[in-house]
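You will see chain A twice below: alongside chain B first, and alongside chain C after that.
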Partner chain A sequence: MQQFVNVTLSGLIQGSVFAAFALALVLIWRSTRIVNFAQGSMAAATAFIALALIHSGQSYWLALVVALAAGFVLGAVVERVIVRPVEGGPELNAVIVTLGLFVAIQALIAIVAGSEFQSFPAPFGLKGFTFGSTTVALTPNSVFILVAVLITMLLLVGLFRFTRVGLAMRASAFGQEVARLLGVRVGRMLTLGWALAAVVGSLSGLLIAGGGLVYPAYMDSLIVFGFVAAILGGLDSPVGAIVGGLLLGLALSYVSGYIPRGSGLVNLAALIILMVVLLVRPGGLFSSTTARRA
Partner chain B sequence: MPEAHGSTSVSADTAAARGGALLEVEGLTSAYGPVRALDGVTLSAEAGRITAVLGANGAGKTTLLRTISGLVRPQAGSVRLGGQDITRAPVEAMVGKGMAHVPEGRGVIAELTVDENLRVGSLFRGKVGRDEFDRVYDTFPRIAERRDNPAHTLSGGERQMLVIGRALLAQPRILLLDEPSLGLAPRIVAQIFGLLRRLVDTEGLSVLLVEQNARSALSVADVGVVLNLGRVVVTDQARTLMADEGLRHAYLGF
Partner chain C sequence: MSEPHTPAAARAGEELIEEAPFTATAAANVSSAQATGGRSFLPKSTLLRHLLVLVISAVGAVILLEITDPFTNSQLASLTYYAIAAGGLTVLTGMNGQISLGHGALMAVGAYTTALMLGVDGEPLPLPVIFLVSIALTTVVGALVGVAAARLHGPYLAGATLALAVGLPGLALYFRDTLGGEQGLRVRAPQPPESFRNFIAWVSGNPASSTKWLAYVGTICLLITFFLLANLVRSRIGRTWRAVRDQEVAAELAGINLGAWRVLAFVVSAACAGLAGAVLALVVRLAAPSAFTLVLSLSLLTAIVIGGLGSLLGALLGSALLVFLPPFVTNLGGDFGLSQTGAAQLAPFVYGVVLIVVMIFAPAGFVGTIRLRLMTARAKRAAAVRSSDGG
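Right, the complex of A and B next:
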């Protein structure tokens, strides 16, 4: 029983980070029909900005805020300068551009910050809470991760559902031409969408880094998991991305927790889940797009 | 800037201006790649009237509207609205200048609810009072019942009502409508055209209508413009065109 609780808890925590990363992918896909393969290295770049600040003696919290702001600016600049020319063109062009950006940013991080492993501090303790004599896999830092992801999601929901900018962003994502005819500055909304997505991606990168090691390619595995989570949810659905992330986190946690030497099978399990979903429900678990496109 | 549609002062203003050219298109030429779709089109839409542009499929009707609203860049010619040159104005700015373009295929944003679709139509104006939305819902009770449903659940007629209502929330001086009758039952078409007529007569709206369904369009329009292969063939009073059997057979297909 205790093992089940622990495995489930760590699955949920991992899953919430996957969910945040998947959500970043979905936000961009929904508005520009581009899979942003550079999401991971963009997030890594902001984590290294945070690390540089922490090393220079600033607090974790200041570093966090600056890194998220840097993510916002980076997302906006990438969309405006690099992605805009390939938007609406052949899909392959955008794939090549974001893949190229992924490699370029990673190389740039290595040039500036070096490619050795560096430890990244966590804002809260990494020792599990104890109840009587048992210690659970829930740590103060993992509570922070859950709360941070939850707050971010709620803020995004609030933005999209209840604000004028959010409505303009959704209109731009779903009906570019109509939105333009109605006076919405669609280009600006797409830039804002990329910027917000980069903030969410950056947050997931900072959360996963906390208490661990960072190096230029440290986000690579999260890219795979986040991508699988996004596909699981259907790529088009923010709710799907979140549920997909949590499900994947749980599934992988059970694989590594219950199968002997299972931790070596985690990557394989993620790919098997991806393949099964694509075979059985190619549109993802939450797909309603075929119905809606009519 | 016109006040809310339906306010008496505007009706008086536009009634006074009725007959003046509100939208003037001169020598408009545009092409999709090597195919010339518009070839020196000159026409004008008068204030407080319905002007119908008619013609067969491929005559250039849709391209005409898309070029007027800036979705297609013209190679030559000019577009003036209320005397102001808007030929090169960006698409996003048109609605602020008083032009609302309802594109072909209804142009609802399927993923948004009915109410959200309406709100997008008023976004550019800043805060808009709830009473204006209520007035649209009063005009179209059918969509009022469905205001919280996603727009993709609406029927074709309801979608047409939604996009017209949404365009009205932009308080346009002129409404550009692309094939509003497409795929609708005759009864619904009559209902929508009747409503347009009422808005024009009582609220001073001006309409530039593009239609393949020439018979219905001429029955509601004041002026008809017949387009063929990107050129204007004839411009005349709607009832004169209706009476011209030779022309009807040659270009309008009825």
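Right, the complex of A and C next:
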């Protein structure tokens, strides 16, 4: 029973980070119909900026803010300079461009910061709470992760629901031509969408790094998990991405918790889940579009 | 709808369409010497022409392997497995419009099969049998992936095969006892046979080392693979693949079963990846998870994109870049005062930047861009001749 509770808890915490990352992918997909495979590298780059600040003696919180701001700028620049020329073109070209960006940023991190494993500090304790005599897998840091993800989601919902900018962003995602006719600066909205997504992605990168090790490729498996979570939710629906992230986190946690030597199988389990979902419901579990051209 | 070189092809197509519609369609489709048009001294029959190219390439390869030093020989051996895999991938991505980031994982299947079969107690089976078994096993895995992939497109397919590339090496860690875990399996490279020593003594008198033997094995595999692929893409099968890539609806109306042909493309491509993995295991003498990372899959993609999607010659040129660029760039990085590990990362950095630049400015790649230039020039010449005839 205790093991079940612990495995479930760590699954939910992992899942919330997957959910945030999947949400970043979905934000970009909705506005530009591109899956940003460079999301992980971009997040890793901001995590290394934060690490450099922490090593130079700054506080974790300042580093967090600077890293998120760097993510915002990076997302905007990437959209404006690199992605804009291939937007609306053949989908394969956009995929290849984001993959190129993925490789280039990762290599750049390795050149600048080295490819060794470095430990990344956590803002709160990593010792589990104790209830009576049992210790559960819920640490102050994981509470921080849950709260941070929750706040981010609420802020995004608020932005899209209650502000003019959010309305304009939704309009340009819904129909570019119509939005442009109605006076929305669609280009700016797309840039803003990428920038916001990069902030969310970099937040999830910082959260998963906390208390662990970082190296240039540490986000690689998170790209896969985030992508699988986003597909579970249909790639089009923010709520779907969050539910998909939590489900995937639970499933992977059960695989590594209950199968002997299962930690080597986690990536494979993600692959199998993805295949099954794509074969049974190609549009995802929460797909809002019913028709999709094969 | 995801033909990769649309913008350039379409642009050139618009320019050409009035002058020479036939050549314009050919520009998007041809994959061999046919593109040179009417005044060709090559044989008319595709098979004969490809046989001729095969013989010339074989002679050229022997000369190249004999005039270069042992280190270059081992580099050329690496070139062969990259080129075999890239050839398979360019058939899948360029001919049929399906992207795969999972070819590194498929190569791992071939490599581990070869390592296991060479590692048996006693006398291992002959090399061709081992190659065929590796190909067969990878083909089965490829068919399974292909069935799933046939229903996907663009980013969905990229993500699914990305999960394959990241997930499959985990099997080597899970079955640690058979597959050697993180350390991987050492491969006992077979010794060159007596006939090979005699052949080398007859050709050049160079020492017939094990490295040279493996370079020859790789080259033979490469030539056979490219010969078969070149014939395949110029056949009914290749035309059907291009139809599936370019016009799904029209292809389906013409009675083509889209899914089945996509699976077939994946199977052919996986067979190449399996052979490439087998050659890799021999040349590197190791099958370990660290050799089949995502970076390998992305390097293959870089090779075919730079060379020109859908062109076998482009795949070969791109693979040459994968082999000869890293030492060059690493030296350059060292000269500019980068540390050794930093300089080693310069090559992937260049790959990434080149991928972006090529996709934005010349999506047809090296071979495709040159081919389109040639065709535009020829169409203009033809138009000039016609207008001077008329006037």
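Throughout what follows, the second predicted complex is superposed on the first by the 290 of 294 C-alpha atoms of A that agree within 3 Å, B and C clash if a C-alpha of one lies under 4 Å from a C-alpha of the other, contacts with A are read in each partner's own complex, and residues count from 1 in each chain.
One rule holds for everything that comes next: contacts are C-beta pairs under 8 Å (C-beta built on N, C-alpha and C of every residue); 3 or more make two chains touch, one makes a residue touch a chain.
Owing to the predicted nature of the structure, the values given are computational and were not obtained by experimental measurement.
Visitor: Based on the superposed arrangement, let me know which partner A:Arg185 touches: chain B (first), chain C (second), both, or neither?
Guide: In the superposition, A:Arg185 contacts chain B only.
Visitor: Now for A:Val103: first (chain B), second (chain C), both, or neither, which partner does it touch?
Guide: Second partner only.
Visitor: May I ask you to decide whether A:Gly158 touches chain B, chain C, both, or neither, giving the answer as first, second, both or neither?
Guide: Touch partners of A:Gly158: none, neither chain B nor chain C.
Visitor: Identify the partner contact of A:Glu177: answer first if only chain B is touched, second if only chain C is, both if each is, neither if none is.
Guide: Touch partner of A:Glu177: chain B, not chain C.
Visitor: Looking at the overlay, does A:Gly88 come into contact with chain B only (first), chain C only (second), both, or neither?
Guide: neither
Visitor: Who wins on chain A residues touched, chain B or chain C?
Guide: Ranking chain B and chain C by residues of chain A touched puts C first.
Visitor: Thinking of the overlay built on chain A, is A:Gly212 touched by chain B (first), by chain C (second), by both, or by neither?
Guide: After superposing on A, A:Gly212 lies clear of both chain B and chain C.
Visitor: Could you list which residues of chain A make contact with chain B in one structure and with chain C in the other?
Guide: 293-294
Visitor: What does chain B use to touch chain A in their complex?
Guide: Residue positions touching the partner: 69, 71, 91-96, 100-101, 103, 107-112, 116, 119-121, 123-124, 150, 152, 166, 170.
Visitor: For chain C, which residues count as touching chain A in their complex?
Guide: Going by the criterion above, the answer is residues 1-4, 6-7, 93, 97, 99, 101, 148, 151-156, 158-160, 162-164, 166-168, 170-171, 173-174, 176, 248, 258, 294-295, 298, 301-302, 305, 338-339, 341-342, 345-349, 351-356, 359-360, 363.
Visitor: Can you check the complex and tell me which residues of chain A touch chain B?
Guide: Counting only chain A, the residues touching chain B are 164, 167-168, 170-171, 174-175, 177-186, 291-294.
Visitor: Could you pull out which chain A residues touch chain C in their complex?
Guide: These residues of chain A touch chain C: 29, 34-35, 37, 82, 85-86, 89-97, 99-108, 110-112, 114-115, 220-221, 223-224, 227-228, 231, 235, 261, 264-271, 274-275, 278-279, 282, 293-294.
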